[in-house]
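Going by the order they are written in, the chains are A, B and C; count residues from 1 in each one.
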Amino acid sequence: MAIKDLTQPQVERLLKKAQDYAVNPAKFYQHLNHIIVANLFFEDSTRTRFSFEVAEKKLGCHVLNFSAENSSMNKGETIPDTIKTLEQLGVKIAVIRHPDDHLLETLKNESSISFINAGAGKYEHPTQALLDLMTIKQEFGDLKNLTVSICGDIKYSRVARSNVHLLNMFGIKVNICEPEELRVKDATLDKLVTKKTIDEALPESDVIMLLRVQSERHDGQELNKAEYLKQYGLTAARLKKAKAKTIIMHPAPINRGVEIESDLVEHAKSRILKQMSNGVYMRMAIIDEIAGTM
Amino acid sequence: MAIKDLTQPQVERLLKKAQDYAVNPAKFYQHLNHIIVANLFFEDSTRTRFSFEVAEKKLGCHVLNFSAENSSMNKGETIPDTIKTLEQLGVKIAVIRHPDDHLLETLKNESSISFINAGAGKYEHPTQALLDLMTIKQEFGDLKNLTVSICGDIKYSRVARSNVHLLNMFGIKVNICEPEELRVKDATLDKLVTKKTIDEALPESDVIMLLRVQSERHDGQELNKAEYLKQYGLTAARLKKAKAKTIIMHPAPINRGVEIESDLVEHAKSRILKQMSNGVYMRMAIIDEIAGTM
Amino acid sequence: MAIKDLTQPQVERLLKKAQDYAVNPAKFYQHLNHIIVANLFFEDSTRTRFSFEVAEKKLGCHVLNFSAENSSMNKGETIPDTIKTLEQLGVKIAVIRHPDDHLLETLKNESSISFINAGAGKYEHPTQALLDLMTIKQEFGDLKNLTVSICGDIKYSRVARSNVHLLNMFGIKVNICEPEELRVKDATLDKLVTKKTIDEALPESDVIMLLRVQSERHDGQELNKAEYLKQYGLTAARLKKAKAKTIIMHPAPINRGVEIESDLVEHAKSRILKQMSNGVYMRMAIIDEIAGTM
């Protein structure tokens, strides 16, 4: 599943269902207690895996966890064959994170398993974009006439790509504010966004969405953190240029003092914790929608 | 538990119970919801562990997972002492995979825990043999007058050893077709089987059971895959010599293009996927039988 | 939570509740089935993690497991930020083992999550001390006028530290019997205990509590096991000096033949297995008490 595979009515249905779950945060629903879900994380991500696992358990699913360390899974076996094995074991839904940009497209006709994309290469992270949109809608209600500025390490960011496509679907204006040294040419992306500096973008933004600097993907290139914050990050000084109703978002994990000044994480404008809790409800909505079509 | 510890009536009971589970593949039974099962995999095998975990969860057991990476378990402690710890924690059944051929024999009198052998060295993999027999019975009904040819890397194969003993118990003729370079002297095995080439065996076989070439156990010796397939593997050309009712089996994971030509995995004669789903039902039957004696 | 944060009435309440659970060892209670517990083991300890996991599952909690291998959890993120993430995911209780002596103190005001200390550096292992006291109380009923001698590798032992504080709270006399080469200066500890050799301590002890030699913390220094046993360990010969009612305890895992002669582990005086089963009940009591205050 990629954002482009979703229609606007489908997204609206997910937003509504996720919001219903958010209204009762402590409630366990357990109505999917005959469904087996496999969490297949070929890249480590305890955070995202836990978010899915909580969503699955609140719905009553049975959960199988696989993470990259247990590398035997694919020893001498193709991933499509692994998926066929899981299908035979009774797995109905597989949540997959994998470094390959397009793995899920090659898998989708191999079995009856429904896939949820939990991060694919630098290409898509659709559940993050959906929970981000949910957070924006909770704040502004109406999605018309909004401007979202996505600031930071776009180059390797699947979060940015998924968000651009989804925000675009709802007619939300998207600014991209890239550090010079991480500038990327991406024709598909470029025609959907306006490129600005963070200082240009701030006064007109309803949402400032910061991205984590993915140092681990920059092959050993040393980052001057203080310099990065000063030039491209969100500082208290910079935030003064924002509108009264502007909110701060970040997909986490956060590098405090790099893409954002540490104190701003807990600022009244920050919706970073809200994004995390919304993640569980949006993932519950996605799983429930998929299970409803089985 | 090894195959030789089972009587024919016990096996027949397991076959019947497993088939009852197979009739309702989506059903969760949950009647063992007071039983704690520990899956102790001292060798990685996500596939087999998942098969057991699904079986356990369909029966309602509580599942504790241990895999070799978490190597602290035995730091300065003998395995029998680990088992006594698990007994005190309330574990009733332990599913064990271990490289040692005879570990389970040394453990069985150390505690009240019931053990299920999920693969021991090159010696036994009894649950695989039982699910294989279930698959054969589903196909032919009557087990009399059948011939099964086990082809490939017998040398390191616990699957082969367990199957030879179990097929023998039911009076099924067993051919062994070994590659010359992987030939093994095993007196116990040799007196129970007929040695043939795959070309000699094919015309008389009701079942062609292929084994995975366990390259990881051949200490760096490079395998010429195309040559192996041509000489010892199942090819479309070779399959023409088989009888109309002959079926293809393989315990998986499969090396496509090595022991079997890739397209044959999905051939109408293939029961490879069936074996995987039967694995869950047979493991449910085994766990349920053991729990019934507690 | 450290022992010093507990009052005597609180400990008595835990002892009573744990004993109630111990009376029905096979019973699953399941009354906490709306609670999500995260087991966060930054140091490997399958044994302690399993003890908590069984306790959590018997109470019906939903369990998220994290162990140090999945090191991505804190990639570029502080532990307090990780905890805030877990809080947003709905985690109510976190069981933490971490090499840092004082991590939990820095975390306790960061979120609404309740923490259970499953081992902190060399500083505290309070649930072990509580299950040890439960075992002593089962044996002697009245805790007055008892003498406990803790023998062995005190230097790196959080078990020893937690026990000294808890035994002290109940007016139990504590002897410390340290090997000369592992002698440690710890002013807080020293004023609560009497230092003796194991031979001096044995005749007056109601409980001989042996500690595991933590070879992995002695930076490659080779231990002469036979010599250690002879000088500082519990041998059959030495045990003859003990009183008729004296019991042997050990937090496990055991190095047989080092701190204790192998046969004595199964001696009639040994309560080592009892300690393990009590561990589950005490952890159930602790979790249940915490959940009751939410």
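Note that in this section a contact is a pair of C-beta atoms (placed from the backbone, for glycine too) under 8 Å apart; a residue touches a chain by one contact, two chains touch by 3 or more.
Source: prediction; values computed, not measured.
**Student:** Considering only which chains touch which, how would you classify the arrangement: line, ring, star, complete or other?
**Tutor:** Contact pattern: complete, every chain touching every other.
**Student:** How would you label the chain A and chain C contact, same or different, if same means the shared numbers make up over half of all numbers there?
**Tutor:** Counting which numbers both chains contribute, under half are shared, so the two copies meet through different residues.
**Student:** Write the angle of the rotation needed to overlay chain A on chain B, where the fit uses Cα atoms and the result is rounded to the nearest 5°.
**Tutor:** Nearest-5 rotation angle for the superposition: 120 degrees.
**Student:** Hey, how far is the Cα centre of chain A from the one of chain C, in Å?
**Tutor:** Whole-Å distance between the two chain centres: 41.
**Student:** Give the residues of chain B touching no fewer than two other chains, as numbers and ranges.
**Tutor:** 69
**Student:** Which residues of chain A touch chain B in their complex?
**Tutor:** Interface residues on the chain A side: 33-34, 36, 38, 62, 64, 66, 69-78, 81-82, 84-91.
**Student:** Using the touch rule from the top, collect the residues of chain B that touch chain A in their complex.
**Tutor:** Answer in residue numbers: 25-28, 44-47, 50-51, 53-54, 57-58, 67, 69, 212, 215-216, 252-256, 265, 273-274, 276-277, 279-280.
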